[in-house]
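These are the structures in question, set out in turn.
What follows is a pair of complexes built around chain A, which joins chain B in one and chain C in the other.
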Partner chain A sequence: MKQQQEKLGIREYVCIAFLMIGMKGTEDTPSMLFSHVQNAAWMIPLLSGGLFFIPLFLLLKTLSLFEDKNLFEVIQLLLGKYIAFFISFIIFCLNTYAISLDTRTYTNIIRAYYFTTTPILVLYGILMVVCVYAAKKGIQRIGSISYILIFYVALSFFFAFWLSMKDSQFESIFPIWGPGTLELLKAGPLGIGLWGEFFILASLISFMTSFKDFRNGTWIAFGCVVIQLSLATMLFIALFDKGLSVIGYPFHVAIRYISIGEFLPNIETLFFPIWLSAAFIRFAAFLFINALIFGHLFNIKEYQYLIPSLATIYLLIGMIPETPIDVALLKEPLRYVAGPTFAAISIILWLSAWFKGEFKHAKNKKNM
Partner chain B sequence: MQKIKKTCNLLLLLSMVFLLSGCWDRAELENKSYVIGLGIDRSKDEGKIKVTMLIANPEVGSVQGGGGSNEKPREIITFDAIDVITAKSTANAVISREISYELLKVIIVSEEFARDKRFLPTLYTSLHDKEIRLDTFLAVCKEKAYEYFQNNRPRLETRPHKYFQYMIEHGIDNGYIADSTLFRFIKTIERGTDLALAMYTTAEREKNPPIKGEDEYIAGQLNAFGELDDTQFIGSAVFRNGVMTQILTGQETRMVNILDDTVDIHDILINMPDPFSERQQQIAARILKTENNTFKMDMKGAKPKITITIPLKFEIMSNPSMVNYVKGGKNRQILKKHIAAHMKTTFESFLKNTQTKLKGSPFPLSRYALKYFATNQEFRDFNWEKSFLEAEITVKPDIEIIDFGKQLMPQKGGSK
Partner chain C sequence: MRKKRSLIKPLKLLSKTFNTQPHFVEQSNQQEIEIKKQKISRNYKKNLETFKTLYSIPDNIDVKTREFTIASLNRQALVIYLSTMTKLAYIQTGIIDDLVENQDPDRSIPDIVSHPLVRTVEVIEDILQGINSGSAALFVDGDNKCYLFDTVEIKSRGIEPPKNEVIVKGTKEAFTEKVIDNIALIRKKIKNENLIVEFKVVSKRSRNDVFLVYEKDLVDGELLQTIKDKLESLDTDSIADLSILEQYIEERPRSLFPTILYTERPDRAASFIEEGHITLLMDNSPSCLVLPATFWSIFHSPEDHYLRTPYGNFIRLLRIIALFVALFTSSFYIAITNFHVGMIPPDLLMAIAGTRERVPFPSIIEVLMMELAFELIREAGLRVPSPIGPTIGIVGALILGQAAVQANIISPIIIIVVALSGLSSFIIIDVSFNFAIRMTRFLLILSAGFLGIYGITAVLIIGLFYLGSLKSFGTPYFAPMTPYFLSSRDLLIRHVPMKDRFRPGYLKPKDVVRRRKG
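Moving on, here comes the complex of A and B:
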């Protein structure tokens, strides 16, 4: 009994994208940005968002030529078998590195604030098992869950931020240019890494109802996430001021600090489950996409069965760094490499399509 | 096939039940001993501190154990330790249950230790404990912290967690003590440009203290007697670069709380001279602060000029000189002007005091200066800590009298 495969609508796609990238505001990203450009950290998402707009625009333009084909098929068509394999492999490696360290970061957060004595391996294992279970259900299911969740996630974030307003001082974001305009521009490439997921999400095109949905969805999610990350960083700066440099995970420190009146202190248990479910979705989608890339690389049709074994590998890689500090240090090169790499690939794709005359080709086709 | 699948799913669900207890972090309420107050003192041994733990008995006052139990509401234990984190296990030599800081309400440091350079590193070490939350309050006590806990015997509110919660909550509402959560304290210390405050308390009443105005006391000076506990919460300790330097009175703390927009105060009752009285009578008023202050600064000149507008609403509660406010519209104007002038002088002389005596602003004034600079480097070059001492500060109280009291028509009537 095989059901007809449902397609991913625009709203599910936007929700997945929002959860995958918007969650960055709740981990160590804000304090990482703060350590680079201090009180001007809130500008980095806006700046790098503006920078990343160009490659993303070119990528969507290129992809629009091959409507039903996903990213990796397009790469293959444009760059030939061997180069395409090489590039796809690089993307897969970067993803592997990213997901391993990210899952480890989340495990660290859970262990640091909520389950302080449970061994890392146990927490990590449970996290991975849940993500594998969700990922194996397929991207359509992940999409529906994220559509259900998004409301609660957004609500809980807003509620947390609203409660923390009382202790915030928005004057802290001044002086407006922070460490100086030059320093800000230097931090641009660092910020591009934040949006790398949009590039990877392009591999979901074949699951979408239409290319138009994909394009519009990407732009909607991109706009939302840029604003959300910038706003979250700004709020954390207003709340913690200079203290943000010594706080690893500002969202969790904030939800442990705030209280609803005098009678409901310690309300982090309200936010934690919602945050956790969002994290599950994020990694489930990530796992699914990685399995998809892997299946494409080595021509494996039934890629769903790869998910558990891939997850195990990620868990093993993620267990390598001994302490949370090592994780932060290992993440640093990724931030410098991933963003520019994805941007470069997008531009290369567009250039090759242009040289090959695919754009003219498409135009002629339209005219006919 | 269908059956196997079902059994597998059921087994999976069953295995999840085991996770619900929280794996290694399973916590038994019965098994825990909750520290409500933590005292830190200087130890005779170099490199050590004297830790005092105030442990609450959860059974007392609860519905289940309230009636029959004869247990004491609290337990106090003092010993020398390297830091408060390892002190948890050392304490188990005496305390039968596992020590936990999860419900910690207040950290009390003796004045002697707060004036020591080792205080700040000790506090930072304590913050590394994952159970200590940033909404814990920091207080400075006049005597040794262990003496404070032992002498503090509340008559009615015997449950220590409730006692400290209410005492501090109402102290902050009244504006008598600084809202010094660890969060605010650490934030100010990290900022480095302003002075940090911590509430001041003592359980030792001074002998024959002088009688002062309603809020001009510091803890220990209020000569209250009767059947009561001697603990007093009023005033605040000022920390400069992480070392305690001065003590502010209740009145000064109130002014700081009015100037600081991030503090939530809402029930300030004060006395001030009655403009219509010849016998130096005082009128009572309630101050409401519903709007934020505005800070205007001029950084261009040799000396920075700072103008602070404080919007305050007044409710006049008493009328000792029996002035008729209803008929005499002029009287209302006189009163308003008088209050404004009174506020202006008190605030300005206090701010002058902060420049000369405290050598820094005890509220986050430097944050309002930030927007006049383009980059962090410029602000650093400006050297706020130094320039603040030379700044010309003007206060503009924006007074609105919203109520002239219950008795509109005075019995005797008329002003003279």
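Moving on, here comes the complex of A and C:
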């Protein structure tokens, strides 16, 4: 019974997944999508979601063969010690790159919109300290706190979007195919990078109450996030139209733009703490998972103690780019590489399981 | 955790070598301990001598001895008792009168004496313990055993209404200092043979006893064993009060937030026992401890359930708003006026700026000064003798605030902010939780002064994670909300009592279902 308390329930898992990936709608992702396919940007999450559905489905199928093993143990079982180490290392490096630049992006947002005179290092340092504290408490606590917060996060996002509807013009989503269907299809794979986190979340299987919870949770979160991202992008397009191409962080511009009636003109300070809490949770979970991967790579059992040192390294890497523009430029290649890599690994895993006859084996086992 | 300790270890060793404990020479009372281990003698003269030395008679004035002859048996008898802890009438009518007036020479002592509660003991130590807890000891010449009569009567106040957990609707009884009465108050509410009152001695010198009260067919055996082990592991000379025991058995005695519920209301204790919780009672403490306790059980008030559902939920909502107001008003004010000025409507901003024009301090100093003043008034209001209490309140709140504004020490809006947050903090009834909120407020004020909303949010998230990691005897602080457990979902909003179908799952009660459907 005591063991069970240490496990992550489906509610908590969905909340973590939602906060980790849904937060993308509130940073620079929508404007990045817009710069590629203009006013059809809202279709990219749907399209790439549809594309990523296949590798995710195959991944879950493969993982279901080894019920209580997590992603990296499965990679090791299927691909052997050396290739597995190589692949896990690539995943770890991609994550390191992603988390460093993402935390820096968030720091940039905080600095650009709320604390224009505070040194970046102070803002960045506090962000990391809070995330380290949270991550050290373990994924279970991260899940619990995200479950407590998710209601307020969702409510505040909906409230913001609802207020922005007043000034939106939904005609701006036309022409419906944006620059043309061909362009749209070309941009589809680019969007796969949006869902890379679902792949990493598979390393949490051993913390979950059951594999069934993990599978159902993943699908629920995936469905919610696809709709949420698409909806958010659409609302930003409706609100800013062409202007979205020059707006770096549309969510924050949107909450500055809106107001409650005449008497409260600037309400961004109401949304900021909630957005910030969600950001803390996002990076805490990210940090925890990275420490977990690192611990797995180098056989470190007590990986929680890695979290502070890893966070320091991320902070140092994140401090390298001088300006927000540099961050955006550095993030560009990640978008092209991360998504396809994760998708490819999923497919490779499934293929190797298939060739090894694991599926038949499992079927036989079931029949017996 | 292990690694962390290994780092601290050398430091601890170092501090140990420098802070050596002074060497005490304990005076040996080996001889007395030897005596206590022995059995009593047949010769009552010798027994009298033994007890006279042990009790230092005649220096010890409230230890009384009464010697007399039982004529019918032609034997000498001796009664020893503590006059301050016994009822003299019991000894007179129930013991001595019966023995003296008896005519029948064939009857044995238990047959002659009419006092209902008798037990016989032989070892001196046990007799001493009996006398110390208010029994009268009867020695008869020629008998090698002693009769102990339960004649205890301790003076204490009667059952009074609760002072701290005041409610409008519902019972108005509070626990008293007499543990027997307290148990009776609980038994009065749970008339069930499964209600167990267990007894444990927790300290060595004062021999304070703790009573565990629980329902045998509900409580989780593992939890019960954990608590018993914890009580047994206490190694101390004296635990005078339940609130001290609370600190001894808490998991994190240095934490800001309480993990054990302390209540003075028997109805609250009874309702927790019926859910499968365990309560601890102690003599001399007008209260009880409920464990394990979660955030929700500390946050709720018994009145939420006594009032009709909509009213009960209304005061719950008021309380959660009060919690936020008490925590965040002052810090939010500082954050907004110092960092996010754009948030305030321009007219109000001009007004605030106008009143602050002649105040020489930064707003964080203003708020801190006023918060401190409020805490001082509050603490002073508690301590002043009651006839002049209201006067102090008026002097403190009205005159001090008004004068401070006129003297340009603070701006009037600060009074609104501090009064609002101070007033709201009174709505949280639990004493420990109230303190936690008040102290956290200062932390938030400082963080707001440092980095505005960003600082507040950072402290809030760290605080939430800290709360989430708290455990009360294995139960997570936010259970059953997260991690999820089966329960009747009595968290922020409660249902009608008919829907209150489950006992909280985190207690692992033997019977989860309180009420079947249909």
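Side notes on the structure shown:
As a convention for this text, the second predicted complex is superposed on the first by the 363 of 368 C-alpha atoms of A that agree within 3 Å, B and C clash if a C-alpha of one lies under 4 Å from a C-alpha of the other, contacts with A are read in each partner's own complex, and residues count from 1 in each chain.
Methods note: contacts are C-beta pairs under 8 Å (C-beta built on N, C-alpha and C of every residue); 3 or more make two chains touch, one makes a residue touch a chain.
Just so we're clear, the structure is a prediction, and the values are computed from it rather than from any experiment.
Model built by superposing both complexes on chain A: chain B and chain C clash.
Legend: residue contacts after superposition of the two complexes on their common chain; A:Phe240 is shown touching chain B, with no touch to chain C. By the touch criterion stated above, A:Ile348 is placed in contact with neither chain B nor chain C.
Judged by the touch definition given at the top, the superposed model places A:Phe174 against chain B, while chain C stays out of reach. By the touch criterion defined above, A:Thr116 lies against chain B but remains apart from chain C after alignment on the C-alpha atoms of chain A.
By the touch criterion defined above, A:Gln140 reaches chain C but does not reach chain B.
In the overlay built on the shared chain, the residue A:Met23 is in contact with neither chain B nor chain C. In the superposed pair of complexes, A:Lys166 makes contact with chain B only, with no contact to chain C. With both structures placed on the common chain, the touch criterion links A:Asn266 to chain B and to chain C.
By the touch criterion defined above, A:Ile200 lies against neither chain B nor chain C after alignment on the C-alpha atoms of chain A. Common to the chain B and chain C interfaces on chain A are residues 114-115, 118, 122-123, 126, 265-266. If you check the complex, the residues on chain A that touch chain B are 38-39, 112-119, 122-123, 126, 166-169, 171-172, 174-180, 240-243, 245-246, 253, 256-257, 259, 262, 265-266. Remark: chain B residues 19, 22-25, 130-131, 133-135, 165, 169, 181, 183-184, 186-187, 190-192, 261-262, 264, 364, 367-368, 370-371, 373-379 touch chain A in the complex. Residues 2-3, 222, 335-336, 339-340, 342-343, 345, 451-458, 460-462, 464-465, 468-469, 474, 476, 478, 481-484, 508 of chain C are the ones touching chain A in the complex. Across the complex, chain A meets chain C through its residues 1-2, 5, 7, 9, 11-12, 110, 114-115, 118, 122-123, 126, 129-130, 133-134, 137-138, 140-141, 143-145, 147-149, 263-270, 272-273, 276-277, 280-281, 302, 305.
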